[in-house]
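Structures are listed in the sections that come next.
In what follows, chain A forms one complex with chain B and a second complex with chain C.
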Partner chain A sequence: MEYILIKTLEAMATFILAFLVGMTYGGVVRKITGRVHNRLGPPWYQNFIDAFKLFSKTRGIHHGAMHFLGAAFLMVTSVVSLMIIPVLAPGGHAWYNSWFTNMNFNGDLIFLLYIMTFGPLGMAMGAGQTGNPNSSIGVTRGLSQMVGFEIPWVMALVALMISYKTTSVIDFMNIQRETGTWLMFANPFAFIAAVLAMLGMFRYSPFDIVGAPTELASGPVSENGGKFLFTMMSSGSVFTFAKLVLYVDLFMGGANNLVMLVVKTFLLYMIPVLYGIVSPRYRTEQAVRWFWGWPTFIGLLAILYAVMF
Partner chain B sequence: MDMITLILLLFLGGAIVTWLGGKLSPIVGDMLFLVTIIVPAGMFFTGVTVGEVTHLHALGLTLTWGLSPLSYLFSMIVVGLGILLAIYAVPFMKGKQKTGAFYFNFTLSVMAMLGILVSKDWVSFFIFWEIMTWSSYLMVILNGKDVQRVGIKYFIFSAIGAYAMLMAMVVMNSQLGSFLMADTFNNFQHLTVGNQILIPILLLTAFGVKSAMMPLHVWAPDAYSNAPMAYTGLFSGALSKMGIYGMVLVMVTMINQLPEGTLIRDIIAWMGGFTAAAATLWAITQDDGKKLLAWSSVGQMGYIIVGVAIGTPLAMLAALFLVVVHAMFKGSLFMVVGAIEKQTGTTDFREINGLIRKMPWTFISALISVIALAGIPPLAGFVSKWMLYEALIQNNNYILVILLFFASTAGFLYCYKFLHGYFLGQEEPEWAHVKEAPAAMVIPMLLLAIGTFVLGTFPQLLFKPIDSALQYVGYDATGGHLWGQSILFSEWGDIVTLQPILYVVLAVFVFFALFLWFKGTKGTRYVSTKDISTSGELPKEWENLTFKVNFMQPFERTIEPFLKRQIDKYYTAFGNGLEALFEFTRRIYTGNGQTYAIYAILFLALLLLFRVNLFG
Partner chain C sequence: MYNDKNSKKIVETIQNWARSHSVWVLAYGTGCGAIEIAPTMTSRYDAERLGFRGAATPRQADVMLITGYLTVKTVKRVVRVYEQMQSPKYVVGFGSCTINGGMYYDSYNTINLLDKYLPVDVYINGCMPRPEAVIAGLAKLQQIIREGKANGAEKYLENLDWYKANQRKIAPKWIAKAPDYNW
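Right, the complex of A and B next:
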């Protein structure tokens, strides 16, 4: 019983960390976007203010059961991914390292790939029940884009699996610790393919076709407000953090302490953000075909590289 | 008389009695139908033991019937799905035409499938195979729609498969002198090399047709969607699995003995992978739920074929797991479509809207089944997909993994299209009268959906029969079982490594669902789907907010170049070419006595002309 209690507390600590970091990143991105656009931009803590405001609102209406389940599905995905992905590398010696182990030993890439789609699909159902056509259009776009970027992403992961004969995230981290080489250097093509897939995964321009503010009025989330939007916002932040940590774990050897974790994830996060700020938006078919072009080719190179070396 | 013969005879006699009883009164027919299915099925569950063999002397031949662990696994699908679909079929067929013919063919199909599974010799295998094909053919054309196009297509492909199988049987019998399956498998090495390659290919053609492997699949989407939905569950869930059953037999007995076996395996696996990917893309473009599920069935069979063709213990385990699970979730989904057809009269996504609040139980079954279909944990679809990927990576089939991943991800699109098409979106006043389907229809589909959940959490329930089936066909199990080869499972076959995660998924899900539910519904009112804010503007009553037509248009645009290529067109072109040839032949054989007289005279004239050359 005590063990379960401690485990729960540790899981909550991880969640709070992910929430804080994810929200801060969101605010910082808004600030950076503002400065690049030659605006002042909101303060970095704006997202916290927004979240607090949303959470404290009361709701007068609801759209039916599936609408509730949609938000719950989304949160499940974020939390479960966060619990499975190792937040800190197993070799670290900081005093808080044991807090973030959670269920790392079970971290498995194929499981992650599928559980990561669980939330968007549930969210899609919830958006569907509201009856807002913009929501459904956003969902179909999002799913199409997912089919697009999943190809180079899976290719990169398969390349890693071929080289090291494992599907466990923690094994990949151990391999990087033992050999002293980050996998982004051990198989550069896999890293490039994964990063290109990441552009679609984080849905910044030119791949922001799901929300598409000027076309779809933020798409799937458009009928949500108050606590629903809060749930989605925090789930999105946690999920962003979890995905970044997964990238760091797989390609950059993980992080031994929180400072390194923040530095590495932030640097990685800046790739889609900075690329997005200066890009216009693709049409859906352009976006999907983009992923099936060069990223897929590089993914093939990664597999070839893994098979040959 | 022994049990197996008795059960088959009960099915056969019951089919006829049901048909005759239905003439008296519909209720008698319904009752007799249920009794006909459930009584022999119950006898099968209780009375038949694995391994018992019986001989039947008929027509100067000895027919050998018996139940092996492999056929036991498949017969569980046939019998289980048969019972549930029979219960479902009675309210489904209520008030419809040709109920008697439906019951007759349904029972006959179940009997024929059981017959195939218990056959130990090729003669009875072929006879039951033909009964199965004929009964399903009569089901496909039961509603009288598109008989020319759909029925003929199914018939021609079934005939190709049947002739291929017949030819293989005859060659085996003439060379080896036995119709017994065991003899033909054991003496396979005594055949000439040409026959050793010819026979498996002929048999794989026959089984490939039934399991709708590309490029032999063209009959399947139309046939699946044209048959009554209460039968399509059996058609896609069990009948197509007979092809897989045959494929497993051929793969493990014949192909294994061939030096060229690996090449054949690779070709079949690639055909399966291509089937999975291409059929998924076609499913996305469908606007009719029946057609969508039909294409999806073809795609899922592709996964199974990949597993069977790869043929490592883990791949076989995954394939057979998916065989059972696919029967469950696809059975449930076809029942959902049938219920919707029954309650609304149509299955077109573009016509039906927002049934979620009118048919909640149907929706729940559909949701669970779709999650299983998509392969999302913790449902059973995930277990089989996981093992399949693991097997493929171990076997160095990397590109095939990517192909299957692609198919699986693209599968989400049609999954969403299916759910959104029927249950979500705007609620139209046109469908305000729709009520939930009768309990006899809802309960079977719900049971199947829950079954996928149970198998996802306790896969060892299914691993044990699969394991004994695989050991029977000759897989060596180190340590007594095969599932230990997957890192997913512990020694006992329960998902030990994943179990905690599954519980966490459930716990977190329940927590957030309850949280949002209590927070969300307390003191709030439900708003209709018209009462929404689109960008802050309240839509007017007359505004059409329905989004159904061209639902997946962006994606369809993306894959447009691919969709232009259809094997169907080539078959049609081939058929047209044949017709032109026949047309030419008809000019010679005009059927006119005068023409034939001219031929005779011309022939004689030629004889006279060349008499020196011919007769010296």
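Right, the complex of A and C next:
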């Protein structure tokens, strides 16, 4: 009983950390975008104010049961992937290190591959119920794009699995600690393929074809206001953080303390953000063709590299 | 403890503060005033630093900006968009046309006073109002939201018959068989 209580508290600590860091990153990204546009930009805590305002909307209409499931699936996806991914390396020095390795198990990488596509599928159901044509187009585009970037992403992960004959994220972190080499240097092709897939995963320009401002009117979320949007916004922030932590765990050796975690995830996050600020938008077929071009080729190289060496 | 008057007042103060600092604007750009929105939002005047941000759809928006004249045809759409927004919601009348018809005051198919059809919270005068005036008007809106006086949505629901009668006068056929949508 005591064990379960402690585990629950640890999970809550992880969630609060992910929420705070994810929302802050969202605000910082808006600030950086503003500075690149030669504007002052909103304050870094603007996302918290937005979320609180959305939560305190007094009206929120819905379009049926499936509409609720869209937001619920997104929430489940973000929380479950956060619980599976070990946020800090378990053998670190800081006293709070054991808090942040929640429910990881052998084979969690395969489970993560599945659960990370679960949220968009739920969104597809919810968006279909709203009956808004923009939502349906956005969902179609989102699933096409997912087909695009999943291939280099899976290839990168398969290359790692072949090299080290394990499917546990904790094992990858331990291997990097023992050998002293980050996997981004041990198998550079896998890292490059994964980073190129990340550009699509975070949906910044030029791959913002799902939300597509001024074109699709925010796509799948266009019929969601108030508390629905709050749920999606906060789960999106948590999910962003979870994905960044997964990248850091797999390729950058994980983090031993919270400061290193924030530094590493922020540096990694800046790749899609800064590339996105200065890019226009691709069309759907251009995006898919882009992902099936060089990223997939580099993913193939990663697998060959893993098999040969 | 959680439901007594003072606690509710404190919660409402915090909520109103958040509402005033996070205003998502749905620019209904039918008139010429829409040309002033772009400089207001971009690097010269940068309204985003004050918490304003463009909203993509009526469901996500807090403020509807009516930028200029409204013809009988567009009033129908404006009413429909307004009813789709989620309260608390506000309307800002932009330019002279929404106050007295402006240069279209004697036109056969434009409305003269927007307040007869939708509850307007703030008017921004001018033809066209410059971005400074727009930001001043939005700051005024922020102020009345913070004071809790921006209750246009309640006013609309309380006086629904009066508003609907006015709308029916200018678009008799449309209001009678209004499309089926939920607010």
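In the analysis below, the second predicted complex is superposed on the first by the 305 of 309 C-alpha atoms of A that agree within 3 Å, B and C clash if a C-alpha of one lies under 4 Å from a C-alpha of the other, contacts with A are read in each partner's own complex, and residues count from 1 in each chain.
One rule holds for everything that comes next: a residue touches a chain if its C-beta (ideal position, glycine included) is under 8 Å from a C-beta of that chain, and two chains touch if they have at least 3 such contacts.
Quick caveat: nothing in here was measured; it's all calculated off a predicted structure.
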Exercise for the section: Would you check which partner chain A:217 touches, where first means chain B only, second means chain C only, and both and neither mean what they say? Expected result: both
Practice task
Give one of first, second, both or neither to describe whether A:59 is in contact with chain B, with chain C, with both, or with none.
Solution key: both
Practice task
Could you look at A:41 and tell me whether it touches chain B, chain C, both or neither (first, second, both, neither)?
Solution key: second
Practice task
Mind working out whether A:177 is in touch with chain B, chain C, both or neither, as first, second, both or neither?
Solution key: neither
Problem - First (chain B), second (chain C), both or neither touched by A:139 - result: first
Handout entry: Of chain C and chain B, partner touching more chain A residues
Key = B
Practice task
Using the superposition described at the top, list the residues of chain A that contact chain B and also contact chain C.
Solution key: 58-61, 134, 217, 222-223
Completion exercise
Listed in rising order, the residues of chain C that touch chain A in the complex are 14-15, 18-19, 21-22, 24, 42-43, 46, 48-49, 51, 53, 56-57, 59-62, 85-88, 182-183
Handout entry: Contact set on chain A toward chain B in their complex
Key = 58-66, 68-69, 71-73, 75-76, 79-80, 83-84, 103, 106, 108, 110-111, 113-115, 117-118, 121, 124-125, 128-134, 136-137, 139-141, 143-144, 146-148, 150-151, 154-155, 158, 161-162, 167, 217, 222-223, 227-228, 231, 283-285, 288-289, 303, 307
Exercise for the section: Could you pull out which chain B residues touch chain A in their complex? Expected result: 354, 356-357, 360, 363, 367, 371, 374-377, 382, 385-386, 389-390, 393, 396, 398-399, 401-402, 405-406, 409-410, 412-413, 415-416, 419-420, 423-427, 487, 497-498, 500-501, 504-505, 508-509, 512-513, 516-517, 519-521, 523-535, 545-547, 551-555, 557-558
Handout entry: Touching residues (chain side chain A, partner chain C) in the complex
Key = 30, 34, 37-43, 46, 49-50, 52-53, 56-61, 134, 213, 217-218, 221-226, 229
